[in-house]
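Across the two complexes that follow, chain A remains constant while its partner is chain B and subsequently chain C.
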Partner chain A sequence: MTAPDRAAMVRGPGPVGARLVVLLLLLTAGVWSAVTLDLDLRGLWPGRDGWQLAADFFGRALTPALSHEGVDIPPGAPPLLVSALHAAMRTVIFAAAAMLPSVVLGLLLGFGGSTAWWASARARGRRGSVSAGARLRSTAGPAISSVCRLVSALLRSVHELLWAVLFLAAFGITPLAALVAIALPYAGTLAKVFAEMIDEAPRPAAGALREAGATPAAVFCFGLLPGALPDMTAYTLYRFECALRSAAVLGFFGFPTLGYHIAASFENLYYGEVWTYLYVLVILVVAVDWWSGQVRRRLVT
Partner chain B sequence: MSARSATIDRLYGARPRSRFLRVSAWLAAGLVVASWLGGGFLRDPIWTARRAANLQRFLAEVAPYPLQGRPFDWSEASVWAGDIWRDHLGQATAATLAISVVAILLAGLLASLFAVWAARNVSRPDPFLAGPRAEPRVRRWPWTAVVVLARVVLTLLRSIPEYVWAFLLLALFGPTAWPLVLALALHNAGILGKLSADMIENLEGPTLAALRGAGASRGQIVLGGVVPLSLNRFLLYLFYRWETCVREATVLGMLGMVSLGFWIQDARARNHYDEMVLAMACGALLVVIGDLVSALAREVVRRA
Partner chain C sequence: MTGGAFTLADVSVRFGDTAALRSVSLHVGVGELVALVGPSGAGKTTLLRLLNGSARAVTGMVTAGERDVAGLAPSDLRSLRASIGVVHQDLRLVPNLRVSQNVLSGGFGRQGFWSAVRSQWRPRRADLGRAHALLDRVGIAEKLFHRVDRLSGGQQQRVAIARALYQDPRVILADEPVASVDPARARDTVELLRDICRERGLTLLMSLHNLDLAREFFPRLVGLRDGRIVFDGAPNDLDRDRFDELYRLPAQEVSDDGT
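== the complex of A and B ==
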């Protein structure tokens, strides 16, 4: 339980109003949505074919395939488990490679978009040591910060698969295009969250450094950043987990990641193989989740 | 001076160090470098004559159809966009929004059902009381099984991406809105469920133990203690996930069902890049508006 929660308990519950209004609005939105979509609960009852498919598909959940299910396997095709490992490797390569440009661009836009960085420049400008640089920062700061926030909002308002579709149409299919497609919206998301984390980092250290006459850059690097860095690292690892899923889904567009094999096996009705690939993806995600949990535990406490 | 540097040296020597973190950092760096070296991303030439021609054709066709080959004119472009909006994009945008809303509500419902059973302080013989070792093992293991089962289900739901869920469910339910709604709901239920279960485990014990001491049953503690204490945080998570639902609802339509993605795929198949980009712009606008609404709602909840 965090401090605000405890404060809320001491205060006692606030007026019921706001929370109730939010809940009621949510319900109203839900009713409007169901009407708009013409949702019919009978649609949740699959037809006979649907039930047969469900039984066939979920029936294999506990017995994933360990070798190819097809009858005519092309000569020279690698065994299923080798092919699954290979697809997993391609998925990890896509995700890890995409994180590099995402983090670099995300850090640039995040620093630029954080108000704390510009505030530290302004405070120094007010304190009298008005170098030309400080004055420039104090006036240009808000503008640059808005531009950075706008750019990162634009980047993340388009989904990575839509970036991929756009690049496919404009350049043709290349792994680099797919990589950039993942990197752009991820940079936008990282930038937003980094900026928030920097702005919410504890300020006393920064204030002390500023009083001691440190330059704005030093205040930022040694006063603000260390407080935000653990959270930023943990969040970056979480985005890596998301990148694994995005990379897997890119397979549906022809890249040789896990999604490619999931789609191919499902269309061939080799449900056991589908489960094999699904479980490989689950293992990847769980492994990264465990890793990020361990890192977070050691960093944050 | 020397005394001060000795202090600093001592502080430096006593700084927290973790071999795990150091190995992790090297591992992460190695993974990224190896991926760039081994991934072959830079093997193909980035700029070829064919790509340049492709790009030029694309840029020519992105201009609204009535204006292609002519200077851009806002009034004509807006008439063109208005016609398409009235024809199908308006309806598709509304459907995209509706899918995201139904999906997140369903996800919230599923998540709260699972979270209670996945929380170790609720799922035990004597909820919220004493240390876990205080209870005899025979009474403990059924509850441990419940926790493990709930967490395994949540992990499976969460690890499989929405797009894959939608792909699988489409075959099951046919081309209605349900596969999209359920795909988003299942994946997000996994995420929300795990977050909520962890949140419940971190609730302050004494308050809930007091309810137990006053004779409240497990269900009564959940309804009277856990829900009021965690509702605000839960709503924050819900709105955060709703933002991603809006994004994904657009994309999932590309599998061939109602939502903006259907028209993006349709325009792409016909090489009508002007309409494709217009549909993408509708989606982007919806995402921006959704983010604003969500930020507003989260602010209201935070103050409540």
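== the complex of A and C ==
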């Protein structure tokens, strides 16, 4: 190493690093956005009615309703807690039914969109003598990979609420409309994250199997995928948790999930009931989170 | 596919501007036990990678058995690789699968995809029996159904050796297999690999930092330095002068350390 080289190395980068410039730019952009939106912090201060509503609502947080608050309950209506459990079950069923097709589609698009899936084909394509099939895969691979990424981006760029509006217009309030509305954007998100997890999975074992003459598909499935599987499983369970919230929110459109009951009780000013349903939703989410932790621990250690 | 013999004829390998091997010629016969020795960066790993087609010669020819490795069609390359078991320093196992699954994956080179799936999902009794016998030979038979990441480093190394043997290979290539284990275990492992290859008539090429181990267990040493073979012979022929030639620090490194 020559003296000037060493001097340059010790001195390091200039006084204003590129990282600092980027940080300052981001900060400026944030402030500028707030100014553009004409934010008025006084708008956060509620009027007298607002205070009253907030007080009424949050006042019930510690005393959720254990039975219906209305005076004229239709005969034959189930007790509040039974109807809350029923709605919770509906929410779980909606979320689970939506996750199934979205995981299948997410896996397909995720495999197709990962570079690791096509890497072995390209490595062979560079060599002189290759079969026609390998050559086709090595040329078609990048194209298929791009298409998979594009499709998954399209699917997730439309939020499930927008999909729901679309499908409601097309099919009406049918369970299928809600299911497809959740499944499509979730498939897009799963595909993106699956592809990244597969590409970041440790490669040494895959290299060893390739070196032992394994087929590319076997290398992918048993050398690469096992390393990504714990993360993929945990992420899928996290998305299931998100799907529970989405299914609940779709209740606002009239699907019989927790959201439906929350909206109805809120409109009738039965805040105790609202809190009951909210707590059921929280219990659901915490339960799934705990379950996810258990599964992950078993997969990783 | 390879009978277990290799010939390198005037082979050079470059990575960008760096020459990894310069005009190397070498013949290794069936069942020979050869240790590759020399300082790090001498080209030992590159030489091993040439033999199963993982690295490619810029000039010269590598022959396995009778055939030119560079000219193999993909299916022939697969069957060549299936007949060569490789043991790496970093093992390259799948940590969150069972020992049995890792060992059985050694059979993938001779299997189609669905047969590979079956061997991982519901292995045949006979295949499991073979895996068990190999694990018994390397001394960890009772670990057959344990997860690999629950085993010690030394036990994992045995799994890697069993996986290579499960290929039913003609050749074992071992790339610094003991560089990251303690001296006592290193000695055991080198001896184990040497003994297994001798009893089965397999060709063994092992790169080793540790010259003492190489001299103790191998009848033939090949010394590499700066991509050239500077020694090829029996351990007793490696006298003081030749040893110095192999391991002396290059002039540039000395001056760099001195400043």
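Note that the second predicted complex is superposed on the first by the 270 of 301 C-alpha atoms of A that agree within 3 Å, B and C clash if a C-alpha of one lies under 4 Å from a C-alpha of the other, contacts with A are read in each partner's own complex, and residues count from 1 in each chain.
In this text, a contact is a pair of C-beta atoms (placed from the backbone, for glycine too) under 8 Å apart; a residue touches a chain by one contact, two chains touch by 3 or more.
Computed from a prediction, not measured in an experiment: that's the story for all the values here.
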Joint occupancy of chain A by chain B and chain C, clash or fit: clash
Contacts of A:P204 with chain B and chain C, given as first, second, both or neither: second
Touched partner set for A:G259, first chain B, second chain C, both or neither: first
Which of chain B and chain C A:G227 touches, first, second, both or neither: second
Contact breadth on chain A, by residue count: chain C or chain B: B
Touching partner for A:N268 - first (chain B), second (chain C), both, neither: neither
Which superposed partner A:G213 touches (first chain B, second chain C, both, neither): second
Contacts of A:A153 with chain B and chain C, given as first, second, both or neither: first
Which superposed partner A:L299 touches (first chain B, second chain C, both, neither): both
Clashing chain B stretch [against chain C; choices 4-12, 94-102 or 238-246]: 4-12
Doubly contacted residues of chain A, that is, touched by chain B and again by chain C: 1, 299
In the complex, chain A residues that touch chain B: 1, 5-6, 8-9, 13-15, 17-19, 21-23, 25-27, 29-30, 32-34, 36-40, 43-44, 46-47, 50, 53-54, 57, 92-94, 96-97, 99-100, 153-154, 156-159, 161-162, 165-166, 169-172, 174-176, 179, 245-246, 248-249, 252, 259, 262-263, 266, 274, 278, 281-282, 285-286, 291, 294-295, 298-299
Interfacial residue positions of chain A with respect to chain C in the complex: 1, 124, 127-131, 134, 204-205, 207-215, 217-219, 221-223, 226-227, 229-230, 299-301
Contact set on chain B toward chain A in their complex: 18, 20-21, 24, 31-32, 34-36, 38-42, 44, 46, 50-51, 54-55, 58-59, 94-95, 97-99, 101-102, 105, 155-156, 158-161, 163-164, 167-168, 171-174, 176-178, 181, 202-204, 207, 228-229, 231-233, 235, 247-248, 250-251, 254, 258, 264, 268, 273, 276-277, 280, 283-285, 287-288, 291, 297, 300-301, 303-304
Complex interface listing, chain C residues touching chain A: 52, 54, 70-75, 77-82, 84-86, 88, 90-97, 101, 105-106, 108-113, 116-117, 120, 149, 163-164, 167, 256
